[in-house]
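Next up: some structures, all given as structure tokens.
Okay, so chain A shows up in both of these, paired with chain B first and chain C after.
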Partner chain A sequence: MSREVALTIDDRQVKAAEGERLLWAALDNGIYIPHLCDLREAERTVASCRLCFVEVEGLRGPVTSCTLAVSEGMVVKTRSPGVDRLVRTGFELLLSNHRLHCAKCAKNKHCELQKIARERGLKLKLTRLRSLLQDVPIDESPRHFNYDAGKCVLCGRCIWADQEQVRVGAIGFIRRGIARKMATFEDGCLADSICTQCEACVKVCPVGALYLKADELRLYEPKKKC
Partner chain B sequence: MRAMDLIEGEEELIHTAVGAVLQSCGTGRESLIPVLQGVQDRLGYLPRLAMQRIAGDMQLPEVEVFGVGTFYNQFRLNPPGKHRVEVCLGTACHMMGGHIILESFERRLSIHEGETTPDREYSLERVACVGCCALAPVVVVDEKVEAKVSPIRVDGILLTFEIEKKEQEAEQQREAEQQREEGREA
Partner chain C sequence: MSGTEAVEQAYRLLQSEAKQKVEAGREKPVILLGTATCGRAAGALAVLAAFQEEIDKHHLDVVLTETGCMGHCYAEPLAVILKPGYPPLVYGSLDEGKARRLVNDYLVSDDPCYEFAMAALEPNDVFPTFADYPRGIYEHKIILADCGLIDPGEIGHYLARDGYSGLAKVLTTEPDLVIAEIKESKLRGRGGAGFPTGVKWETCKNVPGIPKYAICNADEGDPGAFMDRALLESNPHQVLEGLTIAAYAVGAEQAYIYVRAEYPLAIKRLRTALEQSQGWGLLGRDILGSGFNLEIKLFQGSGAFVCGEETALIASIHGRAGLPNHRPPFPATSGLHGRPTLINNVKTLSYVPHIIRNGASWFRSIGTPNSPGTAVFALAGKVVSTGLAEVPMGTTLRNLVYDVGNGIKNERKFKAVQIGGPSGGCLPESSLDLPIDFDSLQQAGAMMGSGGMVVLDEDDCMVEIARFFVDFTQKESCGKCTFCRLGTKQMLDILAEITRGQGKDEDIDLLQELAEDIKLGSLCGLGKTAPNPVLTTIRYFRPEYEAHIREGRCPALMCKDLISYRIIPEMCSKLCNVCIGSCPVEAIYTRPDMLKGIDPDKCVKCNSCVSACPPQYKAVVKLSPPVVEEVVAEAVEEGMSEVEQGSGADH
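Coming up: the complex of A and B.
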């Protein structure tokens, strides 16, 4: 067992294992920090979602909690005007490229974006930015799941699961900028690639980009009358 | 973007090129970009087969090689055409309707930006600025600058090449016939 360190998060004394990332130390102690891209099991943090900002005493400006290791006597604040501003903008940037139709989404009520909006009092609609969503077809080729690139937040969790966890190497990021997307070699459909359809990527997707066909069908089941 | 069919003998060419480049750059993960650059230097583009071979030899997922190839603007996935059409979409050309010119080429050649016609006659690209904004909208065709291009001029440019090609073919035919006649005489 590794050594424990004591730190303060939002005026609460908490303990965490030495070397633990601040994000996970906070979550373990029931303090919520928005996050999309980091996975506890992942060796390297990508820090691409830009939502897990916190203020740490002694450090200038908000920092991403997923890239910071806990240390003895650290004083952390998860909310501040600076943090809220960054998270609000980052969140709206993600929404500007996200197909928002929660009621008809297979991940409704299990979606990380909804959770972040609820926890931080953010709106699940665009107020300042204009939608940049392109009309992309849904890849329905796998047997038990679908891939809707229009809902992908580019967190890279599925790619981690595919390349590091199950070591298949069927999916990765292609292109860049607004055209960046998760895809297979030569951007073909999943069933035509070396994908083994193990569904490891579906399990880690925080939003409705990769979802089980069964979950979608459940949406259209007639509601039971009592 | 659709993949191009390889022409005769190209497969062998790809294997020799990739083999040579991998030998000089090494197969470590960090040499992926130099390898792709080397292969593009030799072949003019990154064919699908080359990316697959590189991925196999460097023990990387194929999609990762494809990801790097599509991330950087310096890499092209389609072979350069015999005639290279570069449409400027810099600020001035954009204001003067550069995208209309690009669209005209796309429609006339039935390809998208970044692609090559199946006969490898034309490739179509967009560039940021060629440095002569007073002549906007500008198109660079085979290193020759075309100024103040209109959709009608697009037809003109392509027609010139078509006529040129027909003349060349006629000439070749004439030469072939001449040789045949000379052969008969001898």
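Coming up: the complex of A and C.
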């Protein structure tokens, strides 16, 4: 068993296994930090979503908590004007390239973006930035799920599930810069690829990019009375 | 004989062999012609053929050698002629005709053709040397010193100039002492960030276990920079010696040179150099009998800018996509194949042999206390003498622009320098007396970066310059992380709107906020520095942004959407018609009163008429904000037939 260390997060004394990533240590103790790309099971964090900023005593400026290992006596603050400003901008940047129609989305109320907005008091609309959203088609080829690239936040969780968990290798990131996207090797339909439609990716997608057709249908069902 | 003596003796033998060969060549006239990429672009290969043909025609016993780049790119093709009994002379701006004349008049007869000569390389009574020009006063060449003067394809030339003596010295010294010397020299990495080289070496050496790796970063993706290319093409052994010393110091037996595939000549010359150093026992197993082994492999990079970032570079050698990873872990503790890996830039490694040969205190005596040594800049833009310049750290921008670069072209007014490439910043006239080193540039909001230096004049719009550089970084962003992928695109769109006159008052503050957040929030150095051009142009040229937004005016008259062209009646000669012929879209017509008019609907703002209008009239002017005069608009109708007549008569 690995040793435990004691640290302070937001003035609370908490314990965590030595070497654990700070992000997970906080979440395990019921302290929320916004995050999209990191998975507890992944061996190495990709640190690409840039939302899990915290302040750590002795370190300069906001740092990403997914890239820091906890250590004895560490003093952490999950909120500060600097952290809040970065999270607000990072969050709005993601929204600026996200098909925003929460009410009609299959992941409504289960979406990580909604959770971040709720936890941090952020608006689910663009306040300062221009929309960068292109009109991208939805891949409806799989039997039970769809892929809407217009909602993808490029967290890479689905790719991790595909490559590391079920070891199929059907999907990955293609292209660079603003054109970067999650797709099959040839940027074709999932059903035409080696995808086994095991739905491992759907389970990990934090937003409404990969979703079950069944969930989408529910929208058209009459609202339950109670 | 002790191990130390054996290594020293092995080196002395090699060197005397090399010196004999070089001395033997000295009795004949020698032509050293620069055929690096810059020389070739200016026609050096044709000049080479002309020299050869003329030499053959006269059956002369002359050594014609291809060398590298001396840094005077504005005067390429460039040759040095060494003729016994004469000072070594440098000839610039050569063509085939001049090459033939030099052979006929100088080598066959005895007229050194001073009219073509730029400078002599050694002090003499007849012709000035480079040191007699202002540029020579400020230049201090260490790593460029031999460039253009030695044959990069001949290891003997390097050995004869004490090349590899640093390596011989190091191989008989404890690695810790070598590292101590580099630390003592305070050498800082020339790859951009200026990290202390000795500290990096020490970290890498102190991580236990083998294997370790050493990598020379020759990716050089910055569009304006070509000094690493020049060093590899002109003096490849200097880099190899530095890399070998670095590998020895950290305990690596395997090294890579990561060079971009777009540098075929550098790759070719490196290959030759590697073969020769291997052949002379300076690379491979048991180097100089010291027991130290090193293998150096060339790795050709894909050429993406971000692949020069060290973690992306390592991913690329691993055969994965060249995407950056979070640091720590730093490569020095966990890099290639998860092993401790030393990564240094071409220039950094090129300084190493000199520091070992001449000592840390010699190095520290040049430059500033915290940034010792020299800096190599690639001067470009509106400066008279473009090219590579090596100056001590702490030289002022003014000296660089006006003395080394010989001032601004066409007597225009200086406006700014964009320093450090796309991730650098724009510094205004008030920074001209800033002594430049790593720290002062950082403070001013720019950075040393790759050493690219673009001089801008009054015709350059600072908003457009910022847009141009953000366009580059936005295209080169790997897209992995949120701030850089989406943030650079947001900045680009805002900047583009401002240059089109569609900016809003709040855009400047938004740009600044975004820029600051992208700097803090991005994963790698590309995103962390991409906002620099935006931040510095706002900081030093805010009124220019405001003019675009509030008045629809581009003060530099550069942004096409914010200017119009007009021909001033009082200045037009009425009879010359040159502008009409120069316009590619037939937007200029002759009015009934013989004056010229411009149809604003047809005009594509190509500036041809401005250049074409003869200097005695200078009748075409640019106006911002654009003015569409009604009189002119009416005249279009009336003038139509004139235009048709005029062009009809030509056929």
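In this section, the second predicted complex is superposed on the first by the 223 of 226 C-alpha atoms of A that agree within 3 Å, B and C clash if a C-alpha of one lies under 4 Å from a C-alpha of the other, contacts with A are read in each partner's own complex, and residues count from 1 in each chain.
The definition used in the following text is that contacts are C-beta pairs under 8 Å (C-beta built on N, C-alpha and C of every residue); 3 or more make two chains touch, one makes a residue touch a chain.
Please read all numbers here as calculations on a predicted model, not as lab measurements.
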item: First (chain B), second (chain C), both or neither touched by A:G90; value: second
item: Contacts of A:A170 with chain B and chain C, given as first, second, both or neither; value: first
item: Touching partner for A:T184 - first (chain B), second (chain C), both, neither; value: first
item: If touched residues of chain A are counted for chain B and for chain C, the larger one; value: C
item: Touched partner set for A:A103, first chain B, second chain C, both or neither; value: neither
item: Touching both chain B and chain C, residues of chain A; value: 173, 175-176
item: Sites on chain A touched by chain C in the complex; value: 45-51, 53, 61-62, 64, 67, 82, 85-86, 89-90, 93-94, 96-97, 128-130, 132, 154, 173, 175-180
item: Residue ranges of chain C in contact with chain A within the complex; value: 304, 321, 325-326, 328, 474-483, 485-487, 489-490, 493-494, 510, 513-514, 517, 520-523
item: Residue ranges of chain B in contact with chain A within the complex; value: 1, 3, 48, 51-52, 60-64, 66-67, 70-71
item: Residues of chain A that touch chain B when the two form their complex; value: 163, 168-176, 183-187, 193-194
